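First the structure, then my questions, so here it is.
Chain lettering (A, B and C) follows the sequence in which the chains are written, and residue indices restart at 1 in each chain.
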Amino acid sequence: MDVELMLKVYPFFIKAAWVTIELSILTTILGLICGSLGAAARLSRLKVLRYVGAAYVSFIRGTPALIQLFILYFGGPQIGIQLDAFEAGVIGLGVNIGAYMTETIRGAIIAIDKGQVEAARTLGMSRLQTFRKVVLPQAMRLMIRPLGVNINALIKGTALVAAISVVELTYTAQRYIGSTYKPFEMFLISGLLYMIIIYVTGRAVAWLDRRARIV
Amino acid sequence: MGLDFSVVPDYLDVIFLGALWTIAITVGAALLSFFGGIFFAVIALYAPILIRLPFRGFEWLFMGTPLLLQLFLIYFGLVQIGIDLPAFVAGVIGLGLHFAVYNSELIQTAIVAVDRGQMEAARTLGLSRGQALRKVVVPQAVRDVIPPIGNNMIALLKDSALVSVIGVTELTLSAQLAIGRTYRPFEFYVIAALFYYVINLGMEAVLRRIERRIQAAR
Amino acid sequence: MSDEKPFVDIRHAQKSYGALEVLKDISLKVNRGEIVAIIGPSGSGKSTLLRAINDLDPLTGGEVWLEDTQVNKTLPHRQYEKHINQVRQDIGMVFQHFNLFPHLTVRGNITLAPRMLKGLSEEEANRLAEEQLDKVGMLERIDYYPSQLSGGQKQRVAIARALAMKPKVMLFDEATSALDPELVEEVNLVMKKLAEEHMTMIIVTHEMGFAESVCDRVLFMDQGVVVEEGPPSVIFRNPESERTKNFLRKHLASNKE
């Protein structure tokens, strides 16, 4: 193992890791927004919205994220969407993970016992009040852990933007493998950095989950 | 620029061939990941500690890093140590190993759940530990996790697009080839997406049928 | 029956799921302060009837009135929602499985609706919660979470939660069926206390002894119809109908097991 080389190049990987972190955070935020809207649509009383939500989930989950990214980044300009690679990465990955989060959020909401809704409605609370004060707080607790799983997948998924030349961890590793012919060393550096990011995120999710379950 | 799908039919045969390769890679990697997953699970649980611990480290590394990175490692790493595999084989191995680790996680949990009781019962009948594992514990455990393994296989299909990056001419790379000649990225990526979607639906249908059969066998 | 105008008035209630008719033209009048028990085998429609009173299970035919208000009147969706939310504030309901909100303390469970719907201040709502909890003997558990309470305690809190809305009538849907036998009495005592305060109550129950000692009137339902109704002494001691007799005999036998 060429430790000397590793010590020489690792600062570039750390810089790239920050891009991966930035991508992960922005993608998570966009994913949560898409997931909430998607879940709202899928649980809507309007049939049209339910179909739209179901179609979103089905098409996004039924096709590769890489292809979605390519359609957006390379195909976007043809339909008037000009994005730089980083923007396309965030939007593409965010909309993608949003479909998975839709199912997570929806699952948590429908897991809440029907009796909870009945009790609140019996007291005279409206649908919206019942949702906000009774269903959502309980569903939030249920969804923390599975959303953590989504986010874990998302962090690893950010590697895909290497294919549209965003200089993040995987792209950096690929470039250095090409120039140094030391695939194992480069894999080790970037792999460790990924695992640190994932580990820290996992701890944060576990902490949130514990706090939510304090009862 | 606008959209123009009229060029698509000229390249449908290319795309179609790419789709066949995608199916081939998916099936190959799925088989590897299934049997590899069983093998890994048994190692992770029952191998001597000197094998088990490094192996767990390997699993941990594979679960904590992106598939794309692993594909680069395998493809270029093998070349470096003098093994020049065709891209297709490297792709199948990369995808297969990656998902074998995920399947192994599932199977390990299931084995631990089945082991209690079933192992004892088998041993009381006079089976050796290895026989009990092979004939009693593992088959039950695997059957219990067929549905989640099925979900992994669906994920595998979609992740197979990544092997385009190491030069396997599957569906995604075929679309790229067509785009290289026509400069029509939107049209061809959408067509590729539709192909993936259809294959995906087919796979889901097959998996549902298998699940139903397993349920009925209970 | 008195000439007094009925407080709760169910007229020709009819309910079906597709071809299955679960309520067949049922009428029931309940006076102010009256306590009515509904008994009958499972699937007889008694819970459905109770849940129709606050429109939790909407009727497919017939009317439900509370004083001068029709509960299930036909209105455009938005207006109807507003109307029913208002009416439900006057109809307290207690469920078999308590349905306390697990993410809120006992205090939170009780103050949620009064604060949100009646605009009570935090202080007022707290005072109200303390008052109601004192009534059901749960004041010392005001800051507990539901998961820290026994079934009987949960049900007493659920009753306090309903009472905090100052309802005109209370509906009990098998309030003690999910409880361990030794916890039934504490809930029965609370219900008896309400009876002594002349709360109007409609009680779906399996507890014949309780129904006999507390209620003014008993309805026996079977297969979507009221088979027989009258004072508890008659229904339980001298029922006319064979179906009632059968039911009571079976019920006694199964309770002895």
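Following the convention adopted for this analysis, a residue touches a chain if its C-beta (ideal position, glycine included) is under 8 Å from a C-beta of that chain, and two chains touch if they have at least 3 such contacts.
This is a predicted model, so every value here is computed, not measured.
Colleague: Of all the other chains, whose mean CA position lies farthest from subunit A?
Modeller: C
Colleague: Taking each chain's centre as the average of its Cα atoms, which is closest to the average over all protein Cα atoms shown?
Modeller: Smallest centre-to-centre distance to the global C-alpha mean: chain A.
Colleague: Ranking chain pairs by contacts, what comes out on top?
Modeller: Highest contact count belongs to chains A-B.
Colleague: From the mean C-alpha coordinate of subunit A to that of subunit C, what's the distance rounded to whole Å?
Modeller: Chain centres of subunit A and subunit C, defined by C-alpha means, are spaced 46 Å apart.
Colleague: Measuring centre to centre with CA averages, how many angstrom lie between subunit B and subunit C?
Modeller: The computed centroid separation for subunit B versus subunit C comes out at 56 Å.
Colleague: Could you grab the centroid distance between subunit A and subunit B? Build each centroid from C-alpha atoms only and quote it in angstrom.
Modeller: 21
Colleague: Would you pick out the residues of subunit B that each touch at least 2 other chains?
Modeller: If we look for residues of subunit B contacting two or more partner chains, we find none.
Colleague: Applying the document's contact rule, which stretches of subunit A touch subunit C when the two form their complex?
Modeller: 113, 115-116, 118-127, 129, 133-134, 137-138, 141, 215
Colleague: Could you list, by residue number, the parts of subunit B that touch subunit A in their complex?
Modeller: That would be residues 1-3, 60-61, 64-70, 72-73, 76-77, 80, 158-162, 164-165, 172, 175, 179, 184-187, 189-190, 192-193, 196-197, 200-201 of subunit B.
Colleague: Okay, in this complex, where on subunit A does subunit B touch?
Modeller: Per the stated touch rule, the residues are 59, 62-68, 70-71, 74-79, 156-160, 162-163, 169-170, 173-174, 177, 181-184, 187, 190-191, 194-195, 198-199.
Colleague: Under the touch definition given earlier, write down the residues of subunit C that touch subunit A in their complex.
Modeller: Of all residues in subunit C, those touching subunit A are 54, 56, 81, 85-89, 91-93, 95, 97, 99-103, 112-113, 116-117, 145, 147, 158, 161-162, 165.
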